[in-house]
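Across the two complexes that follow, chain A remains constant while its partner is chain B and subsequently chain C.
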Partner chain A sequence: MLEHMEPSELKLVGRKALRVEGVGKVTGEAVYVSDMALPGMLHAQVKKSPHARARIIRIDTSKAEALYGVRAVIVGKELNYKLGLYVVDKDILAKDEVRHYGEAVAGVAADTIEIAKAAVDLIEVEYEVLPAVLNHMDALKADAPLVHPNLGKYDYVPVFSPQAGTNIPNLSKLRKGDVEKGFAESEWIVEREYTNPSVQHVPMETHVAIVEWKTGDEVNIWSSAQSPFTVRNLFCYTFKLPLNKVRVVVPNVGGGFGGKAGIHLEPLLACLSRKAGGKPVKMRATREEEFCLLPCRSALTYRIKTGVGAAGKILAQSLTLYWDAGAYADYAVNVTRASSYSAAGPYDVPNVKLDAYTIYTNKPYGTAYRGFGHVEFFWGLERHMELIAQVIGMDPLEFRMLNLLKPGSITITGERISDHSGDPAKCLEAAAKAINYGKLTPQEKAREERTGRKIGKGLATLHKAPAMPSFTATAAVVKMNTDGTVIVNIALTEIGQGSATAMAQIAAERLRFPLDRVKVTIEKDTDKEPYDWQTVASKGIILSGNATIMACDDLLKQAYETAAQVLRAQAVDLDHDAQGIFVKHRRDRVISFPQLSVGYAFPDGNAIGGPLIGVGRYIAQGLSNLDKETGQGLPALDWTFGAHGVIAEVDCETGEYKVLKVASAFDVGKVINPDIVRGQAIGGMIQGLGTAICEGYIYDEKGHLLNPSFTDNKIPTAQDLPEEIETIAVETAQLDGPFGARGVGEHPMISVAPALGNAIQKATGAELLHMPIRFEDVWRAVNAKEPIDNWITKTPTGSCRSDPATRHSSPDSAALP
Partner chain B sequence: MRVKLSVNGSVYEREVEEHFTLLRFLREELGFTGAKEGCGAGECGACTVFLDGKTVNSCMVLAVEADGSEVETIEGQALNGSLSDIQAAFDRHHAVQCGYCTGGMVLSVKELLKRIPKPTVPQIKEGIEGNFCRCTGYQQIIEAVLDVSGQAESAGKGELKHA
Partner chain C sequence: MLHKFRYVNPGDRSELLDLLAENGSSAKLLAGGTDLLVNIRGGVQRPQLLIDVKKVKGFQGISWSVTDGLVIRPGVTINELLRDATVRDKFSLLAECAHDLASYQVRNRATVIGNIVNASPCSDMAPGLLCLGARVVISSKRGERELPLAEFFTGVKKTVLASDEILERLVVPAAAVGARGSYRKLKRIQGHDLGIIGVALMKKDGLISLGISSSAPTPVLVTGLHEGDAEEVLVAASRKATSPISDVRCSKEYREFMIGTFVKRLNREVK
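The block that comes next holds the complex of A and B.
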C-alpha cells in the first residue's frame, strides 16, 4: 500500500492534526462504560479468595440471598463453562479449588452497590488451605504441586504445546544453526540470569462492563474491552451461542495497555443477568481488584548464554525464558510464543537455541501488556549486551553496531531482512547522538563536580513485530453522506493511542478531502462495525490503515463509474478534488460529491448509481506458522526497530539516582501525525520508566499480594519526568504500510529499563540483573553485595530468581521435569 | 439527608445517603460524569472538582459535607460551546490520550494558574503531581500549560524530530 508520494504532495499525512475525539475528552462529555447506567440496572460484586491456593469445602449463600435487594447470587458449581484465550483452563468462578489470591468464588447482583457488598460479606466460604506454588522456578520441580492437574485434558489452540502432568501450559522452541559449534568457536562465553516481577497495567479506568442476557439468548454487552470481536468470539465459544446473538459495544476506553485485550468480567455478569431475569448488570473493578482479580503482566526469569568470536561477533546464543503465567494461561502462552521468535533482539545471530516456558503458579495471572513480553526480555538482553561489551573490552555502542541486523541478515526464524525492513542502526545512532554518548560535556563534568554525583550514559536497542496469527484480518467501510462528508467504520478501538485520528488523516488524504469531512467512529459495535481481529500488537496502523485506503478507493471507484455516465466520459479521463469529479481536459465538466453521494438523478428524474459505500478488506500476507521444533517460519508482518539513550545521575553513597535525559528513536516508516507519534513515544517511555524504577507486585510467603494500591505500588507522576526528553522519528518506508507507516504503540515502553541500567552501570560499575532498579538495588550492586529481591517473601531471600544451586550452571541442566 | 448545592452555577437539591461521596453524588445523582473514579482513595486525582473555589478529590468528600457549597466540574469549563483556554491548549498540544484523567487534570491546571499565572516547569510538575495520567507521560500536558500561560516559546520546543 506504499504510496510513492513526495512529502510535499501530502496534505494531511505527516502533518499535525487535532485528535478527532479531543473535544469530547477535554469537556468531560466523552462517555465511558464506567459512566453508563441503564434502566433497571443491577450492580455486581464478587467474593474473593483470601488464599493463594485452597480447596473450597463449602459455600453458604443463604444469608446473602435473603438480603433485601439481592437479585441473584452465583457460585462456581452452578456454572458448567470453561473460558480461555488459547488454553481453555479457567472457570467463570472458582469451583473446587482457588488458584490465586483475589480469585472470585461467588458473585452477587443487587439493586445497589451497597447491598451487593453487604451480600458478599454475608457469603460464608470454608476453605482447606493447600500448599501454594508461588515461585515459578519452584513450579518446575518434580515435586511441585500442580496448579492445573487437568492440563492434559484442556482444549487449546494447536500452535501451543501444553505439557500434561506439569505446570507448563506451553513450551515454545527455536533452533537455528549449531549452537554447540558456535560456543566451541567462541573466544568468550558470557552467561547471566535476569529477572523481573509481575506488574500491573494501571489503566486509569479499571475494567468495567454492563451485560444483559435477554429472553431468547439475546445478549448485549457494553465493555471497556480493547477488542470487541474477541470478547464476542470467546463469549460465544464459552456459552455455545451463535455470534449473531451477542452484541458487544465499546465506547471510549480509559486506557488499555493490553490488560483489556481479552475477556474478563463479561461472562460472570452475563450469568448474573440471566439469573436475575435479564436485567442489565454492571460491575466496575475497584483499584484493588484491578491488581488481583484482573490480570497483570507476567514475571520473567531470563537466562542468557552468549558466545562471542575474537572480532566481537556474536556466534551463539542459548536463551531460556521462564515466564510466570500465574494461575491461568490467558495471554502468557502467546507472550511466550512471541518471545520465542524475538528474544534474541535485533541482532544477527548465526546459532541459536531457545526454549521458552510458560509456567503456572498460584498468583494472579498474566496477560498482554504493552510490549507483549518485549519489555521483560529486553531488560535481560540489553543488559547482557552491555555486560558482554564490558567483558570483551569493546564499547557497548560499537559492539551493538557490529552485531545489529542489516539488509541481507537472516533473523533467528529465517526471515531475510531487506532495505525496507527498517533501520535499527539509524535508530541507535540517533539515540546515541542525542545524548552525546561516550563522553561527558563540559556542563555535565561541571555538574558532577558540583553535585558529587556520577553521570552515566547508556543505550539500548529494541524491536517488535505484531504477535498475531498469520492470517490476521480487518476491514473498513467508508460511507458517503449526502453533503459529501464521510463516515469511516472500523472496529479498531480508540483506547487513547490516537488511531481514530490517524485513520481520519489517512482517509482524508486518500479521498483528497479536508479532515473535517471525515468522521471515524469512536463507539464500536460488533453489530455495526466490520470485523477486526483485536486492538493489540501495534498492528492497527498497517491493517486498518490499509483497509481504510482500500475502502476509500472502492468508494471513489463507485463515484467515478456514476460520474463517467453523467459526464459522458470514460472513467480514465476523470479526476477529482475535494468538491467533485471532473473531466481532466475539461475542468468545467464537473459533478459534485453531494450529487453522487446516494446516486445521481438526471433532470428528467431517471436515476443511476446508488449510495457510495466503499469496502476495504485487508489480511496479513506472506506469514507462516512456526515449526514447533525449530521455530522456523515467517511470524512478522513488520518489525519496528528503535533505541533509547538515557543519561542518569547517581549518588554512589546512597544508590539514589535521577534520570536527566531520555532520547528515543523509532523507525516508524512514515509519520502519520507527529504529535500522536510523540505522544505514544513519551507516554510509553514514562510507562517504561515506571517498570524500570519502581513498579512490581510484592507477595508475602503465603502468596497474599501486599501492594494492591497506589499507596504501595507507585506509578510515575509528573515529578518523575526526566529533565529532558527527545523523540526522533526514522522513516524507512514499509512497503506494505499505509503511506509507508508501521506501528509504534508499544515500542516506546521497550528497553527503557536496560538503557537506564546501562547508564547506571556506566556511572557506577553496578552490575544490575533485576528490574525494577530500586535505589537500594543500586546501592547493593555498587557495594558488590549479592543482589537480592524480595518480590515474593517478606524476608529478603527467595525470589523469582532460580534456585541458587542451578543459577550458575548451563541452561541445559535446569531442573526441569 | 437533604443536600442543596450549586454545580456550575445551577442549584440542585436531593435526598442523599450520608455515606455517599461527593463524587458519586455528582456522577450518579446529578449526571456530572466528567469527574471520574480512578482509585476512590484520594490518590489519583481523576475525581478532582472545585469545592468553594478550591480543588478537592471528590472521592474523599461526603456529599453532605458539600451542602450549601459551590461546586465546579469539568462540564462547567466550556462556555456557549467554546472550550476554555486551558481545554483548548490541552486539545492543541495532544495533552489528551484516553481522556480519563483529563477532566481532573484540566481543573488542577486551572487551580495552579489561579495561584501562579506563569508557572515554571517545576511548578507545573508540582501542580499536577496529584493527578495520575497513565497515557501521556505528562510532557504534552506541561507544554499545554506553558502555552496557555503565555510561555509558548518554551512549549514550542516539544516537537518530534526527524533523523
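The block that comes next holds the complex of A and C.
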C-alpha cells in the first residue's frame, strides 16, 4: 500500500497510544446493548428443548398467552423462514423436530423478564424422543440418523459442497502432487489421530439484542454483534426485506471472539416485536444459554499421516479432518473450507491429499471462534510434528526449521511464498531463544532440585490467513470538522481488538495530524457507516487500514485542490503540515485546515470547494476461488506466521503441571501500536491456554450438556497466567498492508496447546493426543493408562451432585455447585 | 424458571425459632446465599420462605476463650474468619481451608456455617473442622443439642438438622490449639474451583487426623492414626474411609490416586 517509510519518519504508527475508547470502558460510561432500554420495551425469553433429538408432537401456548403482561408468544410452525450463513438450514424456532439440547422451540415477549419467564414455564411441549447422533464419527456411518434429511434441498453458497442424503453439509478437498509416490519414497511414515471437544467463547457480555419491527416493515436492530452489515444482510435475506428498510446499530461490544460474527437472537426478537405490534423487544442470553442455545466451537477429529524422507524432509501428507458442526452448518462449513487450505501448517509439503468433512450431529452447533479452526487443527499438526521428530530421531526445532516455508516455497494451494510473505523461521527462532530452548538454565535446574518436578520446553509454529471471500471489501469515510478535527467512519467494529485506536493512528499519521484530532466512531450504524463485510478473520488492519489511508488521501486531495486555487499554485507544488497547506518553496503563507474544512471563503465573500469528505474503498486483490477437486487457487489475503515457546513444570508422578513461561512471536509486518499487539498476544495466549488446560463440552449419552456453566466448564483466571510472558513482534513488511502491517487478532490463540503438550512431553514422555490436557490426562499418558474419553460420558452424575434432587436436568435450570 | 418466595428478616433469636417451627419444611435459612440463591435461580430448590439469619441479634462474630473454645456464629463470612487474629494464630488449618474456598468475592458473602449446613461433599471448611474436632450446637424452639461435626452429615446435601432446627454455633474446642495441619485441594485451574478432591491432615499429641472432601457422599474424618505410622498405613486408612466416583470433573481412579498422593505429601509437609 505504501512506499517504505523509515521508522524514524513515523510519528504515530509504531508508537504507543492510549486506547481511544478506553476511558469510557474503565469508567463504566461506555454503553453496551446490555445497558440499553427503550420506551415501551418488552422482554423476551425462550422455551428450550430438553432433548437432543425429538419430534415435536404438540405445543400448547394457551396458558402462556393468557398470562397478564404477555404480549406475544410464537412457535416455529408460524414462521416460514430459513436462516443460514452458507447452508440455509435453520429455522428461527424448531419446527417439527428439535436437533439439539437447548434449541429454542417457542418464544415469549412480555412486559417484564419475570412475566416472560413465568410464561415460558406455562408453555407445554410434548415430544417424541428420537435416537440422536452425538459422536460425529458415528454420524458418518451408513445407518446413522440424518440430522437434516432435506440437506439436498437447502440453498447454499456455491463454494461449498453439501452431500445430499448424508450428515455432511460440506466436503472440501485438496490435492497437490502425488501423495502415493511421496509415501513410497518416504523413509518413515507416522500416522496418528488427534481430537478436541467443543468449547465456548464466553464473552463477558452474553448475546443480547433489541429489535423493533415498526409499521411499514421498518426494522431497527441494536445488537451486541461483530458485523452489523452481516446481521443486516442475513436478516433481509431471511425476511425478504430491502436493505434500506433495516437498520442495525452496534454500540460497544463486550467481547465477540467469533461467537457474535453471524446472526443470532435478532430474527426471533423481530418476529416477537412484529407480533407484539412493533414494540421493541429485548433479550439477553443467560450464561447457560450461551453454552447451548447459542453456538460453540466445533469439535475436531484430525487424522494425519506423514511420510518423511531420509534427510528429514516431509515428502507426503494425507490429512483428514472431521469437523463436528453440531445441528446446523452455520460457520462450521467455512471453518472446514479454511482448514482445507491451511491444515498442513507453515510447511513446505510437495505431495498432499486433504479431505475436510463438516458433519452434522445432534448437539449445539459450532460457529466461528478466534482462530477459525486453526486452534483445533494446529493442536494435532504441531503435536504430530513433535512425534515425527521423536520417531526419526531429530530435534523437533531442527525438524521444523528444515520443513518450514521459505521464499520460493509453494504452499499446498499453489501460492508462491515471497520475501514479503512473512518469516515463520524468524518467529520460531525468536520463540526458541526466549525460552532457552533445548537446555535448562542453572536456575531451572535448581528449581527442579527444589520442587522435585521436571521442567520441559516445547515449541509450536502457527499461521493463518483471513478466511474470507476473494472479493471481500470495505470502505472508510473521513470527514473534516470546521476546527480541523476529523471523524473516521468505518464499520469495522471495536470488539476489544484495538482497531479503533489503530485506525486513528493510521489516519493521524497519514494526515500528519496529532492523534487527538482524529475520532474513529465506536457506535456502528448501517445507515451511517460505509459498508464493511465483517469484523472477523484478522483482516481489519489490512482492509480497513488501507481504506482509511485512501480516504485520508482523498480528503487531502480535495483540500489541496481548493488550496491550490487560493494560493494560485499548482497542487503538485503544495505540501501540508498539521496546521494547513502551503506552497513547498514559499512556506510563509498557510491556508489552514479550518479555513478549508467546509469550503474556502475569500475576503470578498466568494467561496470555493466544499466540505472535505474523503472516501476510501478497498477490496482484496488477486484472490481466487479454490478448485473444488484440487483445492488449488489463491485464498490468502496475507499469511501471519508465528510461534509459541512454552516452559512447563510437571509433577511426573501425578500429572499436575504449571505453565512457567510462554514466549510468543508473530510476524505482524509492521507494529501499528505496540501495546495493542502485546495485549492481543497475551489475551489470545491465555484464551489458548484455556482451550489447552481445561475447557470442553461434556455430554451424557442422551446428548444433554452436562457442564453449561462455569461450575464445570472452567476458563482460566488471572491466577492461571504463566509466571512469565514474553511477546515478540517480527516485522517483515506486507507489501499491500498499511505501513506494511498485517493482522494478528486471532493468531496468539493458535498453537498454544501443542506448545504446552510438547513441553509436557519433553518433561514426562507423555504422548498426548487429546486436548484439553487435564492433570489426569498427563497422569494417564505417563502411566500408559487408557485415556478417558468423557466428552460423551457414561457417568453423568458427579460426586457433588449424585443426589438426584440436585441433578441438573433441564436447560432452563442452572448447573449446580 | 421463575420461583416466588417470601423473605423475612428476623431481628431476634426467638422470632427466628418461631418462624422455623411454623414454616420449617417449606422454609430455608439464608445467610450468604451463595448456594441457595443459585439453586433457586436454577429451579433446584423451591422454598416458600427465606429466613435471613444475618440480622438476628447474637448471630454475628467469632469469639475465643480457653473455656469455650473458638465459637463461630451464623453470620460469620469466610473472609471474616480469614481476618480473625485468633484463627490465624491458633487455627491456621482453618484459615488454609477458608483461603481455598471459591474466590475473594464469594468469600465476602459465603458463611462458614453455610458451607457446613449445605453439606456438599466438596465442602472446603469441613475437612479442617473435622480434623480439629469441631462440634455443632443446634437450636430449635424445642431446645438445644450439641454433637460432634463428624456426626452432623448424613448424605449428599443431607444433615441431622430437623426442619425446625438451625446450626447456631460451630465450636472448635480449645484443646485443638497447638495442632499442626494443612489443607490441599486438587483443582482444574489455579483460580477458584470446586475441589476435585480435598484433604486436610492434622497432627497433635502424636495422633494424625484426616479430613477428606469430594471423595464420598459426605466429607469424612479419619482418626486413629499415629505420627510415625508408615505412609501406606495412612493411605490405606484414607482409602477405606472414602468411596470416590467418576464424574465430569475426574475419574474415580485418579481421585483415589490423588487422595493417597495428598495424604503422603501432607504427612511429609506437616512437621
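One rule holds for everything that comes next: the second predicted complex is superposed on the first by the 793 of 817 C-alpha atoms of A that agree within 3 Å, B and C clash if a C-alpha of one lies under 4 Å from a C-alpha of the other, contacts with A are read in each partner's own complex, and residues count from 1 in each chain.
Here is the rule we use: a residue touches a chain if its C-beta (ideal position, glycine included) is under 8 Å from a C-beta of that chain, and two chains touch if they have at least 3 such contacts.
Just so it is clear, the structure is predicted and the values come from calculations on it, not from any experiment.
In the superposition on chain A, A:I725 makes contact with chain B only, while chain C stays out of contact range. By the touch criterion defined above, A:A37 lies against chain B but remains apart from chain C after alignment on the C-alpha atoms of chain A. In the superposition on chain A, contact of A:T654 is made with chain C only, not with chain B.
By the document's definition of touching, of the two partners only chain C reaches A:W779; chain B does not. Contacts of A:P469 after superposition: neither chain B nor chain C is touched. By the touch criterion stated above, A:K117 is placed in contact with chain C alone, chain B being left untouched. Note on chain A: of its two partners chain C and chain B, the one contacting more of its residues is B. When the two structures are aligned on the shared chain, A:V202 is found in touch with chain B, with no touch to chain C.
In the overlay built on the shared chain, the residue A:P50 is in contact with neither chain B nor chain C. Using the contact criterion defined above for the overlaid structures, shared-chain residue A:G309 touches neither chain B nor chain C, since it reaches no partner. With the contact threshold set out at the top, residues 114, 711, 715-719 of chain A are in contact with chain B in one structure and with chain C in the other. Residue ranges on chain A touching chain C, taken from their complex, read 114, 117-118, 121, 653-654, 656, 658, 693-694, 698, 706-707, 711-712, 714-720, 774-776, 779-780, 785, 788, 790, 793, 795-803, 805-806, 808, 810, 812-817.
The touching residues of chain C, when paired with chain A in their complex, are 1-2, 35, 38-39, 41-44, 120-122, 155-158, 186, 188-194, 214-215, 217, 244-251, 253-255, 257-258, 261. Within the complex formed with chain B, the chain A residues making contact are 18-19, 21-32, 34-35, 37, 114, 201-206, 252-257, 284, 286-287, 426-427, 429-430, 495-498, 665, 671, 674-679, 681-687, 709-711, 715-719, 721, 725-731. Taken together, the chain B residues at the contact with chain A in this complex read 19, 27-28, 32-41, 43-44, 46, 73-75, 77-78, 83, 87-88, 90-94, 96-103, 106, 124-126, 128-142, 158-163.
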